[in-house]
Amino acid sequence: MTDTTRHTASEMLAILSARQLKEGQVVFAGVGVPLLAATLAQRLRCPGLTILFEGGVIGAFVEPGKLPPSTNDQRCTKRANMVLGSAEVLLLLQRGYVDIGFMGGAQIDKYGNLNSSFIGDSDNPKTRLPGTGGGNDISSLTNMIVAMKHEKRRFVEHVDFITSPGFIRGGKSRAESGLPEGGMFRVITELAVFSFDETSRLMKVLALNPGITRDQVQDNTGFDLIFDDQLGVTEPPTEHELTTLRMLDPDRLFIAG
Amino acid sequence: MVAQDAVQPYKELRQNLARRDRSLREKVVTLEEAASFVRDGASVGIGGSTMSRTPMALIWQLIRARKKELSCSRCIISTDGDLLLGSGVSNHIVSSWFAQGGSDVGKKRLEAKEIDCPFTGEKLLLVPALNPDVALIHVQRCDAYGNAQIDGLQFMDIDLAMAANRVILTTERIVSNDQIRRSPDQTKIPFFCVDAVVEVPFGSAPHECYGVYEPMMNHLETYVKQVNGDPVGGMKKYLDQHVYGLKNWNEFLSLIGIDEIVAASRRGRSIFDD
Amino acid sequence: MTDTTRHTASEMLAILSARQLKEGQVVFAGVGVPLLAATLAQRLRCPGLTILFEGGVIGAFVEPGKLPPSTNDQRCTKRANMVLGSAEVLLLLQRGYVDIGFMGGAQIDKYGNLNSSFIGDSDNPKTRLPGTGGGNDISSLTNMIVAMKHEKRRFVEHVDFITSPGFIRGGKSRAESGLPEGGMFRVITELAVFSFDETSRLMKVLALNPGITRDQVQDNTGFDLIFDDQLGVTEPPTEHELTTLRMLDPDRLFIAG
Amino acid sequence: MVAQDAVQPYKELRQNLARRDRSLREKVVTLEEAASFVRDGASVGIGGSTMSRTPMALIWQLIRARKKELSCSRCIISTDGDLLLGSGVSNHIVSSWFAQGGSDVGKKRLEAKEIDCPFTGEKLLLVPALNPDVALIHVQRCDAYGNAQIDGLQFMDIDLAMAANRVILTTERIVSNDQIRRSPDQTKIPFFCVDAVVEVPFGSAPHECYGVYEPMMNHLETYVKQVNGDPVGGMKKYLDQHVYGLKNWNEFLSLIGIDEIVAASRRGRSIFDD
């Protein structure tokens, strides 16, 4: 028996994110928790989930225990439906064939803008982050799910640098910036599940994770949160979810922390 | 329904796509059902080129269904173009490739626009995007979802599939999704671009399908003689005898004749010799 | 023994055109005599000639007796080095990888402009010709060899319609029209071999075919010809050339007339 | 020598190309000779992505040859980027992909230009073309002329080969031209784009080469630990022990160790199972 009360934050992120995906969707997934969560959804409830990777893969069906270290490795193509060029797979985002973009984040702000470039001043940064990769394309062109650890320094009023745009400055500013489609759909953390207000485009708590209070979420967030009128509580991870997840990542590459 | 030379704005293209049922589902239909997806007046992109991988069975069915005012586009037309115009199904065919400075082709194509390159100042000619209402593409094999594999010459079929607002595939064979997944390198069109799949062996006859059969030249030569000799009467006779009156596509193949089909298949497979 | 004094006009065109090609060149060839002549050159003197076809073929090595009916047929790919998309093979012209473009022509004028669209007024044509195909791209972006039958109605002062540009209105007009590179290099007919004057860009007779006089060429041409100062006489077809050519096209698909 | 962000006019690109020896000839050289084709200060496009088909042997040789001020570009850099910067060979690496409206990436990339679409009036962001002086690309197989076949993920390597003013290939195996001609579908780079060919088995180690070997993670983890623990000293030690001091590439492979190479090869080939 798996003890369902004991799990890591990453396991929580992967399981809650997987629940956001629907059978038959086309998902463009980044490496790490997104790749793992999409694969988990495929094994649990959505055998017809089509996973795309920026390396040039459509319809990935990653093998348990053989998780790729990046989305540009040959393991991403195992039993895939199609292999194609990087520019070509990104054009599918542009054309509108992708339902959901799904990635991790280092820093996010109240409008869902993501920073994976610089902490501090971009001309003289305190810390350099890994950079954009395909993240800007994904967030510019799809409805996004972001899975990330919840810390005050990661959830900030305004990101130091917008690498991947969310709703920019809220309201209609995203469309006015030249991005007519897509936007932030969900943010998943170990504390709560978030969506964005339809009008103001401010981040909003949809549901608290089991045992987490409003105050805990607010205390770990660097801006004032809105809470949904029908604030829910997420279902805890089931045994089936946890065992399947651990079967997929037996070396605990992405679920250790 | 979009006029051939009106460029669809990005937002409209995305919205059209959002309205399509792009879910993973089996899309296998009959030739008759597939033809019903093509509305009178539609802009239709035709895959293959000249006598290669022409979606002939589907064109044949569009003629039988007495479609009207189709506005067609293709790399290079051949007898497919004759039949589309001669049967009255199409009244407009746009064919192949751009033209650059100096020629009179540019003067005839007023939709093209000249700009100065924002980086180097050099003169550039921009050609408007073509996003047909529907694309008709014939492939060697695909699965029931529409993951399509094309061997050999691909012409402009991949761009066509991406550009179109709907895609109908005809295929020599429907194979399992497992078979597709064993050679993902060979997949050229992903299922989510595809709206219908029809299995039609020899679906490109009397044209060729790479690696499966070469063109059936005896049939084509007889056809050309008949139509060149008497453009109106010859075409009417061909349509009556080879298109309208027949029970099904196999009956058309039987008119080509088993000898020619076997010989064309033997030549078709010979591309893999050595 | 092949009787080398008896040959068709098409055989003459194919043999003289083949002589214009050099070992190691990259040639973009149209269907018919160009394809045949390039293949002939490959078999006679230039095993390292790289032939490209608009259907998407690099390094074609067409089999004797299996000449393709168009440059979009599978026969074009037999023992080729590479198969690729039509737009991609045309981009190689644009990038400058092709030394020679090689095609036939229905009508040509004194500046080497080709018409394969309309005879008569283009809005109400007397005759419709087959159209451009890849011809415009080829002539816009490479140095061109044109092989065609020599008739007065085909060699005109000004073509009725410029489908494939030569030197447009002569002088520097080609570059001024937006085509900085390429232009007409040779025209080959059953009567003579032509080049174009470096300055005026007018068609010029380089060499007369065996037994052909200046007057015969002029009488069959609809504009005043210039003759090169060192006007030569072409070598007649050799037995080896003729037998090889006939071996390549035993059904006389392209060499009958 | 061209600065990374200066767009070369079409005429200049054509003239550069016209000066290249594009004839059909054998281009097989040693790693040392290939490295000598890369001049100090050159802009260098690097094929593959992240840990896949990285031209590591050639990068290793550029470091040994103490190249200077290379301006590099690649989809996504990994340990290759560390080594290029850490060794002092490169002082500028441009990495991956465009950014669209709204992000701050656009504000940092002043070379990008916004225009209104001449057809629809929509806002478009134009990114300048990148035409590196030289591209370094590792492939599974090619012939002595440079006709190169790539299996599996191709990333941006085809565009890179077309865009560059020179191309150096490293390859797991040099095969006969006959073998290339038996599967022209699989050829991705034609010989006339290629200036030099070097046969280097395991030329992408310790990264992966699709279908041949997976990344050699033990070596990479040891490297990462050493460099993260002491960025300056760790890198110096790695370069001294694994790059500068060695006789040849095989000696580098022997430091990775035969056990890891065999295991990585077994995993690499397993992609073709099922």
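Letters A, B, C and D name the chains as they come in the text, with residue numbers starting at 1 for each one.
The criterion applied here is as follows: a contact is a pair of C-beta atoms (placed from the backbone, for glycine too) under 8 Å apart; a residue touches a chain by one contact, two chains touch by 3 or more.
These numbers come from a predicted model, not from an experiment.
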{"item": "A-D or C-D - the one linked by more C-beta pairs in contact", "value": "A-D"}
{"item": "Chain B and chain D, separation of their C-alpha mean positions in angstrom", "value": "38"}
{"item": "Whole-Å separation of chain centres (CA-atom averages), chain A against chain D", "value": "30"}
{"item": "Per-residue overlap in chain D, given as positions that touch at least 2 other chains", "value": "10-11, 152, 181, 185, 274"}
{"item": "Sequence positions of chain C contacting 2 or more other chains", "value": "57, 77, 79, 83"}
{"item": "All pairs of touching chains, each written as two labels joined by a dash", "value": "A-B, A-D, B-C, B-D, C-D"}
{"item": "Touching residues on chain D, where the partner in the complex is chain C", "value": "10-11, 13-14, 17-18, 22-25, 147, 162, 177, 180-181, 184-185, 187-188, 190-193"}
{"item": "Residue ranges of chain C touching chain B (in the complex, touch as defined)", "value": "55-57, 69-70, 72-79, 83-87, 90, 117, 122, 131-134, 136-137, 140-141, 161-165, 168, 173-174, 177-179"}
{"item": "Chain D residues touching chain A - in the complex, by the definition given at the top", "value": "49-52, 75-76, 78, 95-105, 108, 114, 123, 125, 152-156, 158-159, 208, 210-211, 214-215, 217, 268, 271, 274"}
{"item": "In the complex, chain C residues that touch chain D", "value": "24, 26, 48, 50, 57-59, 61, 77, 79-83, 91-92, 95-97, 99, 180-181"}
{"item": "Residues of chain B that touch chain D when the two form their complex", "value": "7-11, 113, 115, 118-122, 126, 128-129, 151-152, 181-182, 185-186, 274"}
